[in-house]
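In the two complexes below, chain A is the common chain; its partner is chain B in one and chain C in the other.
Right, the complex of A and B next:
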């Protein structure tokens, strides 16, 4: 009896211990820091309690970062899912087994690339003078388009690189999921007069609802960590138009002011928002 | 309702030929059963008729029109699958009405057509459930309802009852027969269950290795099997076969010597007789075979006795009350009217 009782703790113990050390300690440290007025330049600090948080809500740049992060999430998650599903259906319908294999391998390569590399490659491709992507425009019109210098252009370009990495990868996963579905309901749908896209709209995609939701959440979490991509491609610019929360926290904490407590309070808010948002989304979608 | 005609249908997977020159003409209202051993190509033909499988060669006509290149949805067919193939994420009601919705039928019309179908199959109380919340038999009834509501020209069934237990299978078989009598839709039904084939079919198409072995009413196939294969495939318990030499009006080998039922050319023949056509007779009956009892199986309504006569062994079914002990010597008499004689070489039936 006692063995049965203690067994869960034996198994959970080590993992929980690691979690506490790795996650809880920094989290608590960040919360503690966010209640002080610590800066990188001075060693001493005192508790100012919620002053940092109050200041945040009158900080236009913070509110902008919040808005940019939200736009970034919605844009990249929906575009990734759309590209993944669209390409998967296209391959499922049109490609032979052989071609599916070849395309799958090709589509996995981008996500294997370290993000910083991908960012540099694409940043150069979009370069107004030397870029390969901008070349046709240069050749045709003689102008030197600088998409990264335009607020929406920068946002869309960075999002494009993100979707290039993840959308193609998701297409492979979704294709494999579709191939693993039982064929009979699809055949039944064909007999039931469902044409091409209707089969996917009404049968295959609904059958894949749960794995698709999981993919969506994975991408949503992944999109939150786009710091490296944004940092390399735009550094939050032009102006603050691609400055996400983590970018702004980083520049407040380490670049501009060394205001480490202020940055910590942003991190804490980001964490709280994420936990609340994701829990509610997960609960709603899983119903 | 419509006729179905297969002209020289062929099917190959790559270089592997599964069906070759399959010819069959099914008339309006007819209930055809494809029967045959596993892997003989029954499902393949059915799926070619449905349009789920590409036709490699030949022509397929439904209702007089060539439909080789038509989509499954435009052939006027409905199909019931062995594993039900219901849409798992839709309720029973949505499953049944899906086809009508895709065809753009109005809501009122759908509701009007749903009621009688649901009532016929007794699905009223399950309409709101998901397929996973139903038993196998209920799921198959939903699948039949889904096929029925389309009022198709042709019903296709691919072993619809194979996944069900024996009792439910019997029950649904009767239900399908009743439905066919009511709707009178041309139907093609694939099975390897003889009882289903015998009870449902207007005509049985017995298949073997992608060819039609024999085609006819259940009685014809049972009482006049055209080949040794048919004779051995149809009937439970299965037919006994003896390899005999024909000559001088007799059929004989080392252990058996019988009068030929009709004049035969001299040569090797295969003689078939069903266990039910052999009787145990008293000493002194002419043309009887002396044998010893080897095994005695009780089947409820009768006993199946294995007999040995020299190198030959065969089965006899006797009334359940008969008491025989192992090793007992008996005399078996083969009913001359129930003998089936086949050419030993070709396996074809001899005589009428």
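Right, the complex of A and C next:
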């Protein structure tokens, strides 16, 4: 009996140990760092306890970064889910099995590209003088639209690249989930003369509720790590209009001031907010 | 007495160097740098340095931001590198923190430090001492399209007023030509860098004689307004672009005139990088604009070189890596962005490669080059904050220049 009870711990032990080393150690280090006044230029530091956290809430740039991150989350998560579900339904309804395969392969390619490469490619594509995307506007109107020079234009452009990578990928996942559904409820709805959108609204999507919630949370967590995309495409600009929390933390830690303790306090706030927010969302949606 | 002893020790080391050069280094040097074609080329000659000093070297490369972060972290803690790659932006921090030592006494005289471009030497100085030997850098050049100026019946402008008037006249977006290309992207090394000459030309100073902030002045307001006015004629894409975007627009034939960092001169004469090779002319910036001096180079680390002989060894590497011979090799390999010596700009090989016009302009612009940023460890923070505000002014998120400068002053006082 004893052996039977301890066996799960034997299997779980190594994995938990790796998890503790990989996750807990850097997290505790970041928390410890955030309670000090350490900078890159002065290795000697003192404990200032919560001073960094108090300073954050009177820092306009941090509050702006929080707001930008919130906008970014709502925009990219909702657009990714809408694009993913929309394309998946379109493929499910209109494409043959062969075309579904071909489109699935094509839709997976963007997410396989490293984010930095995708950001460079799209940044150049949106260039007002040479970009392929802006070419029709130049050719037809003679205008040179510079979308990255406007606060909302920059935000929407960077979000577009994010959705281009993840929305298409999610479309493939959702399509495969739909294909795996039992056909009987869908056939029953068709016999009852339900319209195409009604079948998905009332049958297929409710049946996929749990995997869709999982996808939504995965995307929400992924969207929080938008640093590479933002850094390459806008560096947080124009001004601070696309400066997300991770971009601001990096700026404070490494580009501008070397305030690594202050940057760590932002990282800790981000982590706490993420855990609280996603736990409550998960519980709410999972009811 | 201690100083005398150090000097005597150093002399002994240098004499030993002459007599028995191979014994100056006891172990391989570790160098932290950022990727440069010239440094890749340098690694081909590691045997030459080994023969000269008795030891080899190993270079670790990181891109600019990572190199800055890593070198700060290394220098302030373990000190594992003998030679650091430093630049104009982090020199005050490295020098004032004692992480590097002045070159004086460790840079062998025969390598001719005075031959480096005057502008780069002024950037490499802090607190009256020279701290690094330049690998790349320079001041500013005015680069213009000879065909467009001739067609418009204009002479290359010599003053700021003539420059602005010529830009207005040559600005013809309907035919795909823009008057100028500026830098709008936020950053102390981006938009602020191109704004600095205007600030200085209008008499602006970062601090007064007592060290108090003095930048919030009529000079700053006028410089900013002039910069914003000029942006009406700047090529699309430069409002949030930096050196690459503005010089890219010029080299692709979309821009009539530009004042930019000196490496643009040779880049615009390189057929692999430029479509205006045959129709490009060069001159120093129009008066009263000074050149915005910048430089990157090698400095001797303090912590990893505790003994005088260690410092002499690192000094020998710094001198050898930036020597006339290495520069001649870079010129022969067609690496124009990494030339730093006056003797190179005036050499027959340089004139043959890039033309006499560029050679003369490079020599003249060195005398006009100044350190325009605030030489203080807090510059990065102040300069980058001003860069964000300036980008907002350029892209229209802000409109009140004076109120913006007031806000910057409040921020500066909190540093």
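We adopt the following convention: the second predicted complex is superposed on the first by the 287 of 287 C-alpha atoms of A that agree within 3 Å, B and C clash if a C-alpha of one lies under 4 Å from a C-alpha of the other, contacts with A are read in each partner's own complex, and residues count from 1 in each chain.
One rule holds in what follows: contacts are C-beta pairs under 8 Å (C-beta built on N, C-alpha and C of every residue); 3 or more make two chains touch, one makes a residue touch a chain.
Everything numeric in this text was worked out from a predicted model, so none of it was measured.
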Three-chain arrangement built on chain A, chain B and chain C clash or fit: fit
Superposition-derived comparison: chain B or chain C, residues of chain A touched: C
Contacts of A:40 with chain B and chain C, given as first, second, both or neither: second
Touching partner for A:57 - first (chain B), second (chain C), both, neither: neither
First, second, both or neither for A:49, with chain B first and chain C second: neither
Contacts of A:202 with chain B and chain C, given as first, second, both or neither: first
A:192 touches, of chain B and chain C: first, second, both or neither? first
Which of chain B and chain C A:184 touches, first, second, both or neither: first
Computed vertex angle (chain A) for partners chain B and chain C, CA, steps of 10°: 150
Shortest CA-CA distance between chain B and chain C [superposed frame, angstrom]: 50
Residues of chain A contacting chain B in one complex and chain C in the other: none
Residue ranges of chain B in contact with chain A within the complex: 50-52, 71-74, 77-79, 81, 83-90, 98-99, 102-103, 146, 150
Chain A residues touching chain C - in the complex, by the definition given at the top: 40-43, 127-130, 142, 144, 146, 148-151, 154, 234-241, 251, 253-258
For the chain C and chain A complex, residues of the former touching the latter: 65-66, 68-69, 72-73, 76-77, 93, 97, 173-174, 184-187, 235-237, 239-240, 249, 252, 254, 377, 380-381, 384-385, 388-389, 391-392, 394-395, 397-398
Chain B-touching residues of chain A, taken from the complex the two chains share: 182, 184-185, 187-195, 198, 202-203, 206-207, 209
